[in-house]
Structures are given as structure tokens and as C-alpha cells.
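What follows is subunit A paired twice: with subunit B in the first complex and subunit C in the second.
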Partner chain A sequence: MSEIKKIKNLKDFSTSADRFEGANVLCPGCAHSIIVREILNATNDDLVLSASTGCLEVCTAVYPYTSWDASWIHIGFENCSTSIAGAESMYNALKTKGRLKQPDRNPKFIAFGGDGASYDIGLQWISGCMERNHNMMYVVLDNEVYANTGGQRSSSTPLGGSNTTTPAGTISYGEKQNKKDLMGIMAAHNIPYAAQVSPNKWKDLVKKVQKGFATEGAVFINAVSACTTEWKFEPKDTMLLSDLSTDSLVFPLYEVIDGRELNITYRPKNVVPVEEYLAAQGRFKHLFRDEYKHLIKEWQTRVDENWDYLNRREAARV
Partner chain B sequence: MAFDKMELRDIEVWDGNHAAAQALRQCQVDVICAYPITPSTPIVEGYAQFKADNYIEGEYVLVESEHAAMSGCIGASAAGGRVATATSSQGLALMVETLYQAAGMRLPIILNIVNRALAAPLNVNGDHSDMYLCRDSGWIQFDAFSPQEAYDLNMIAFRVSEDHDVRIPSIINQDGFLTSHTAQGVHTITDDVVYNFVGTFKPMNDMLDFEHPVTHGVQTEEDWHFEHKARQHNDMMTVVPDKIENAFSDFEKLTGRKYNKVECYDMDGADIAIVCMGTSVETVREVVSEMRKDGLKVGVVGLRVVRPFPFAEIGDTLKDIKAVAALDRSAPGGAAGMLFNEISGSLFNTDSKMLLSGFIYGLGGRDLTKANIRDLYKELQANVDAGKVLTKQQQFIGVRGPKLAYL
Partner chain C sequence: MEYKGWDEFEIGAMLRSFDGAIDDIAGTAQADRKYSENNSYKASVADWRVLKPVFNKDYCIDCQFCWIFCPDVSIIARDKKMIGIDMDHCKGCGICVEVCPTNPKSLLMFLDHADSEAELAAWPEKDEEE
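Here is the complex of A and B:
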């Protein structure tokens, strides 16, 4: 069993065990790189990483360059979960057979997929990995849109967002469906640990990721990743948007242990109205037209109901 | 817990599926990710029983689809160890995306394909549609005509694919049901001798070497993609053929069983010949033996290595043959059959005066009868006598209704 890394302060944390290089071509202000660095820096152990096709992949491994100072694999859009499960299986096989080159290490196996790769096309593969309980961590970089290909809707795209395949128009307010509850689906696999995180609450994130690393078995992490390009806000405001997403409770931070025990890990002192979260993003601009204002009310009701549900789940201890 | 070795009789009665499962056990594969599908399911089940009975030390991952099976195999192989799986038909079709990725990433995975038709209409029986579906995927492809060959070719495939000069995955094809479910006598090799032949896996660019991190599966656009593909094709054309030859030769030294990229039967002094694959080769051999007794100069060529296609060997074998029938067991979808095309390519622009005709047969497991084959040879002889192909170049045989002929 490896030791849990001690994190003293943000400055120390942000520069330690730096295995994801700043030399990448992600958009300025992209939250992906912040989340990935926070997760990787949460441990000093060796890493075996995978990524699905998407922003993170195309921006960090363009031949002959790589941004990864740790073993990394990409196969396709839907299967970063299974590729890392395969690598983890090989680790177990070589351990049994006594053929590991460095048998004294405690590698962590982490897969990164966007919401398109996770909520949509790769759902079956992730489900298989969670069901088989591989000793791995699956991380969704959830920016609620197919950002890499120019902003098409996914099943993570929330109600009323204007996207290239569900654009707002003269007779449409954009996306008609509510966001899929992937946390609920993954927790229903009764995996040892599932958690929702956000890069602005980095201490909460590190605590959860370290808990995940210390867990034997499958871990699912859903990370909100504010997308400057598709959510349409200034690159300098990534952390502001992250704050709005957690403090409006649009993106509540909680964990589910063994599929049952739910703990809310962050309770904002001052809850921000959902309207403020929506108003900060170009993708929801049209909702402020008179004919669509009822949707803002609907948003607030849904967020309140979800928060209420999480609180009841937490209180019930089931 | 140490795993057990298995005592085998010199000759066991095995079907092709069991022979393949035994070969995978004996090669001590490190990781198998698998998903069952008819008619390859008994490979997956047989291996599971070996695992349950402590004959397997490696990991056996039962995934939720064939796409996941190959995805897991790719991750495992990139991590650095021996990897294999098995599938058929629709499963292979689902897997195709990852077949190209495995080949492009130069990962030496071994895939047993128990050949079966592709829907629609749904059909579980043997034809070569699945083999043809992945023929341009960049994998080395072997074809077994019998359970014995399915057993032997697995070992040979590991030797070829895992060679550091090759690092290209291999497929071993066998006919659904006709090979996979038909028990025959199989000459076995002991566990230790098999493992010694394939050797312990030697990793290269392995993700589990933490002192040397490696990036697998990068992006290349118009600046480098072509060079990667061209270099891989170059290795297929120039490196792999000799490696296969060497593996065949070493295997012969070990067992006395001689394999060739092109398997000739009664081709010495033959005037007319059939070229085919799978169990049909054995059926045609029987007919050839009977016809030879009647003094007819007939022969048969079985294609052992489908990719890289043995152009030189086929050209050499057929250059003096007067008439040849290419038998393709896959719906051609608006073109000539693969064998017809490749044989043409082997002899075009040469001095050969061979009269080539193509036949589509046996789709969805339809029998190829000895009577069909005799008729076919008669037709070839008629072409020789006339000095030209008297029929259209592409015909369907064994199908109901009026005779179908094209080209």
C-alpha cells in the first residue's frame, strides 16, 4: 500500500510531481488541464493513463510530441476505460507471474474521458469496467458538450443550452433534455467510490482523488470542466465559472460510497441563484428573452429539488 | 498458487475450437479479454474451464462486447505482455475499429477468428465474409484448414507477431463448425515444448516500465500519417514474409509438420487447378486424388497466409498452369472475389497464359460438394481445350435458381 501524499499549500501542490506538461494546445482557460494536473499531483506514485478521443487527447499527443511524462494510451472515442482496464489486468498478470520490471511500485491506473466519451458513446465500456471492479479510476472531464468537434450536444448537455446540433433559433430555445445523471448510474454499479468534483474546490478534489487512490476497486469521478469556448465566457473567468457552478448548486459536490452512503462534501455559505450561473455564459443568453424566462425558473426548481434529494439521501444514510 | 501443467496424449481428439484454446493455454498468454459468440464460443468457454481448473496463471477478463474485448487486449498489450482473444462474424464486425487501431499501434495481439457469415440475413454458419471484412486491417492473417492447423498456427503466430522486427498482430482463421466443431485427431506438443517454442514475452515500449514512460496512440495528420502507414506496409511486404518462413521452418524442425504460405497438392505436372481456403481445401484434395487416379492432371492450392498475400509464391505456383479457378467464400458486393483479384495481380504483366475464372460459393455454410468440384474441373478443362474462358469470369456455384454469371 502506498502512502497518501501530504499536500501543504496550493503553491507547493501546483508544482509537485508535475507529469502533465504545460506544453499542450488546449484552449487558454480550459479547465481540463487544471483538473488533470490536480488529479495527477495528488499522488507521487507511478501512473498509467488513458484518454478517449477528445480535447484532452488531441491537444496533448500530436506526433512527434507528447505532454505526458507518464505512460499514456489512446485508442478511440469510446474505450479509454477498457484500455486502462486491460493495462491493469496486465499489471496483475505480470505481478502474479513475477515479471514486473519494477515490482515494488504502486501504479495508479486512470482513464480520462470527456462527457461525450462517457455519458454517450463510451457508457457501455465504463459500465463494464465498473461492474468488473477493476482497480482503476475513471474521470469524466464534463464540459457538457462535444467541444473538440465544435460544440455538438451530448446527453450531458443541460436544458436550454444553445449548441451546434441543438441551436437556439426563432422557434427553439436549444437543448430540450435535462442532463443525464451519470453519477447515479455509476453509483448504481455499487462501486466502492464515486464522487463529483470541481477544480475550484481543489482541496475537496484532492481529498476525493486520494480516497479513490486508496480504494481497492473501481472509482468513478465526475469533474465539472468549464469550457471557455463552448460555454462562451472569457478565458480568464474559468475559476469564476467553476465557483458559480458549485455555489449555485448546479454542480453539487458529493461522494457515494459502495453505491449507498452519500456524503455532501461542500455546502456553500452563500448559495448563488442559478440565474447568475446562466447569465455568465453565452450558451444560455437566449434564455433571458421574455418567452424563455420560464426556463430559468424551471432550472432553479430542478436544482433545488436535486439539492433536496441529495440532502435526504445523506440524512437517510442509505 | 502455481498453475498446473496438463498431461496430453500424443494424439488427442479435438475440434478446432478446443485445439485453439489448448494452444492459448500452452502459450501461457498473460491477458485474454474475451466475449463469446457462435461459433467461437467454445474457445472462450474452454479457456474458462482451464482457468477454473488452475491451468492458467494469466488474467482472463470477461468483457461486455467484442469491441471491449479488443480494446482491453490493446491496453493489455501496450502494457507489455502476451495477449490473445477469439471471435466470429458480427463480433468481428463490432471489433473492426479496434483491429485497425491494434495494427496501427504495432501491438502483437493474436486473434482466433472462427469464420462465419455476416448478417443480414442472420446466419451462424461458416463462410469467409468476416475474414474478408478485416483483410485490409493491417493484421497478418493465417488460414487453418483443420483443427491440427488451428492448434499449430497459434504457436507460429505468436512467434511471428511478437518478433521485435515485426510487432504486427496476427489472425488465425478456421472455418465455423466445419473446423471449429468437428473433432479430429490432433498431434499434440507438450506444455513445456510449446512454451519453449514461443518463448517468454519480450516487452517493447511497455507502459508498465515506469522508468521509461511511453505515449501510445498519438495523433498524426497529413504531416506523418502516411509515413506511418507506408512503413507498416513496407514491413508487411519485406519483413513479415521471411519471419513467417522462419517460423514455419523452426516449427517443422520441432514437430515434423511442414507449413507453406501456399499449400500445393498434386500441383506437380498439373494442367488445371483450384485455389481456395479453409476446409474446402481438404474436400478438393479428396476429389483431386480421385481424379488423378483417372489420369487427369488436376491440382489444388490452399492459401495458408492470406496477409501479407504471397504474390511471388502464388505467381510461381500458377505460372505454368493452363486454367485456374479462384474460389471465394464471401459475397463480393459488386466486384470480383478477393482471391480472383489477388491471383490476377500475381500473374498480370507476366508471360503466364493462365485462364482464370472466379467462383463464389458456400455462403452461409452452403455445402461445396465433390460433384460441384468435379464439374468445376470439367469446366476448367473445357476452357483449356478451347484456349479461352468459355463462361463469364465470375460464376456462383451451389445456389438455387438460374445460373448466375457476371463479368
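Here is the complex of A and C:
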């Protein structure tokens, strides 16, 4: 087992040498790269990475450039999970056969997919990887929309959001379905570790990722990624939106161990009304019109119920 | 650099991030790495910027909030100190300014063609309201 990198505070953390590079073509203010940096910097071990088709993939591998200072593979929209599982299996086979030149380097295998690639297109592939309990980490960069292809709704898109395939107007308030509970689905595979994270709470994120790295077996991480382009806010406000998402409990931060034990890892001192989270984003602007205002109430009720559910799960220890 | 056409690649083509072998990437500062021509570190997005951040070290407390939250790896931190901005990779998003906790701020946005020296000389005073 390799040592866990010691990160006591932000000053410590800032001595990390990034293995993700700038001059990628992600939008200014994109949270994807903040999340990726926090995850990669959480370890000094070698990295084997993959990415599904999506913003992160197309923007960090524009010929003739790569923005990755590590082994990185892209195959298709659906299979960053199985490509990394394949790499991990091959690594284990070579190790067993004694054919690795440096068998003690303990590389970390991480797959990155957007919500389109994870909640929709790659769902069964991830499920397979979790079920076979590969020693890998799957990370969802969850911006609740197919941002790379022009803002189509995904099954992660929340109620009332206006997107190019579910536009709000005079006869529709936008997205009709509510967001899929992927954390619940993945935890139900009884994998050793699943966690929801947000880049504004970097310490919580790093702690969970390091826990994941120290875990033998499959790890699932859902990271909320505020999207300046599709959520429609100013690029400078990415961290503000991240704060609003965690502090309004729209994105509660918690972990599930072995599919059973649930721990809430962040309890905001001042819980922000969901209305503030919605008001900060152009995609929910129409909800403030008189005819759609009831949806704001419904949002708050759903968020409260979910928070209540998580608390009950935590208390019950089941 | 010579660009290949789409039909000139071998199947499973690979881009290398570095020239030659590099053993401990995580232990090598960016400035000391031998990046290959294919690494986006060698590219620039400076022409994306409308606004640019200017750094005033007089007020900086080296909290590193700007370092952790910069999406574009453009805050240069050395030995736990914030020492400047990588203007080839900064896209001018303004996150670093938003998260900077000092009063007055140690980072502010100006038009990309503004004279940084002049802006530094005219840096705002402490804001008593906050």
C-alpha cells in the first residue's frame, strides 16, 4: 500500500505539482477542471486515467495537444469505466505474472465521465465495473446537462430546468422529470465506497478521494460541477454557485460505506433557501414567473425530504 | 509543428506529454518538466481574455484560495507562497478575484490591455463597509 499524501491545509496542498494542464479549451470558469485538479493532486502516486466523451474529454485532447501529464485513454461515450477496468485487470495480470518493471508503484485507476455518460449512456457499463468490484474510482462530473453537444437534458437534469431539448416557454416550464438518484443506484451495488463531493469543500473532497484511493475495490464519486454555460451564470461565480448548491442542500455532501453505512459529511451552519440557488441561474429564471412559482415550493419540499431521508439513513446505520 | 491529417494516424495513436523519460511527475514542478510540443502547457489561451487579473502582493496573505479554485492552473504557488499568474494559461474568468479574502483584494480584474503597473499604483484602499 502506498502512503496517503499528507495534506493538512491549503498551504500544504499548494505545494502539489499539477498533472492537469492549462490551455485546455474548457470554458473560462469551468468547474470540471477545479474538480479534476483537486482529485489528481490528492495523491502523488502514478495515475492511469480515462474519460468518456464529454466536455472534459473533447476539451483536454484537442489535436495536437493533450492536457494530461499521465496515461490517459479515451474510447467512446459509454465506456471510460470499462476502459479503466480493463487497464486495471491487465495491470493485475502483469503483476501476477511478475512482468511489471516497477511492481511497487501502486498506480491509481480513475475514470471520468459527465452526467450524460454516467447517468444515461454508460450506466450499465459502470454498473458492471462496480459489480465486479474493480480496484478503480469512477468520477462523475455532474453538470446536469449534455453541455458538450449543446445543452440537451440528461437524466441528471433537475425539475424545471430549461434546456435545448426541454425549453421553458408559454406552455412548458422545462424539464418535467426529476433528477435520477445515481448515488443511490451505485451504493445499491454494495461497493466499498461511494461519496458525493463538491469542489468548494475541497477538504471534504480530498478526504473522500483519499479514502477512495485507500480502498481496495470499486469507488464511486459524484461531483457537482457548476456549469457557467448551461446553468447560465457569470464565469467568475462558479465557486458562489458551488457554495449555493451545497449550502442549500440541493447537493448534500455524504458518503455511503459498503452500501449500508451513510455519513453526512457537511452540515451547513446557515442553510440557504433553495430559491436563492435557483435565482442565481438563468436556466431557472422562468420559475420566478407567477404561473410557475409553485415549482419553487416543490423544489424546496423535495430538497427537505431528501435531507430528511439522508438524516434518517445516517441515524439508522443501515 | 507539422500537423497530421485525420487519415495519416495509425490506429491507437498516442500523444506524449513529455520529451524523454520522467520518473516522478508529481514531484517535479511544472517549470522543471520537459514538456513535449504536444502538451497543452506549451499552448496559450491568452487571446481568450477580455479581462485579466492583476496581482498585488502587498495585501496577499498566501491563503492559496486562488490557487485551489483557479480552473486553469494559472496561479503560480511556490513554497506555500502565491508568486504570480501564468498569463499564457489564464482565461480571465475572474474566480481568483472572487475567492480572494483580503481587504482590499490582492487580485482585481482589469481590461486585458490595461497597464498593470498603473493599476497597481492606483490600487483601491481598504473598504470599510465590508
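Convention: the second predicted complex is superposed on the first by the 312 of 318 C-alpha atoms of A that agree within 3 Å, B and C clash if a C-alpha of one lies under 4 Å from a C-alpha of the other, contacts with A are read in each partner's own complex, and residues count from 1 in each chain.
The rule is simple: a residue touches a chain if its C-beta (ideal position, glycine included) is under 8 Å from a C-beta of that chain, and two chains touch if they have at least 3 such contacts.
Just so it is clear, the model here is predicted, and its values are computed rather than measured.
**Student:** With subunit A superposed, do subunit B and subunit C clash or fit?
**Tutor:** Result for subunit B and subunit C: clash.
**Student:** So, A:306: does it touch subunit B (first), subunit C (second), both, or neither?
**Tutor:** neither
**Student:** In the superposed arrangement, does A:133 touch subunit B (first), subunit C (second), both or neither?
**Tutor:** A:133 contacts neither subunit B nor subunit C.
**Student:** Identify the partner contact of A:155: answer first if only subunit B is touched, second if only subunit C is, both if each is, neither if none is.
**Tutor:** Touch partners of A:155: none, neither subunit B nor subunit C.
**Student:** Pick one for A:13: touches subunit B only (first), subunit C only (second), both, or neither.
**Tutor:** second
**Student:** Should A:22 be classified as contacting the first partner (subunit B), the second (subunit C), both, or neither?
**Tutor:** second
**Student:** One more residue to check, A:66. First (subunit B), second (subunit C), both or neither?
**Tutor:** both
**Student:** Considering only the listed stretches 8-16, 80-88 or 98-106 of subunit C, which one runs into subunit B in the superposition?
**Tutor:** Between subunit C and subunit B, the clashing stretch is 8-16.
**Student:** Quick check on the output: what are the common subunit A residues between the subunit B footprint and the subunit C footprint?
**Tutor:** Residues 61-64, 66, 68-70, which sit in both footprints.
**Student:** Touching residues of subunit A toward subunit B in the complex: what are they?
**Tutor:** By the definition above, subunit A touches subunit B via 46, 48, 50, 57-58, 61-64, 66, 68-76, 78-79, 82-87, 89-94, 96-97, 99-102, 105, 107, 124-125, 127-128, 131-132.
**Student:** Provide the residue numbers of subunit C that touch subunit A in the complex, in ascending order.
**Tutor:** 1, 3, 15, 17-18, 25-30, 33, 37-45, 48, 62-65, 67-74, 77, 79-80, 86, 88-95, 97-99, 109
**Student:** Provide the residue numbers of subunit B that touch subunit A in the complex, in ascending order.
**Tutor:** 30-31, 33, 57-59, 61-65, 67-68, 71-81, 83, 97-98, 101, 105, 200, 203, 206-211, 213-221, 224
**Student:** Give every residue of subunit A touching subunit C within the complex, in rising order.
**Tutor:** 10-26, 28-34, 37-38, 43-45, 60-70, 199-200, 202, 234-240
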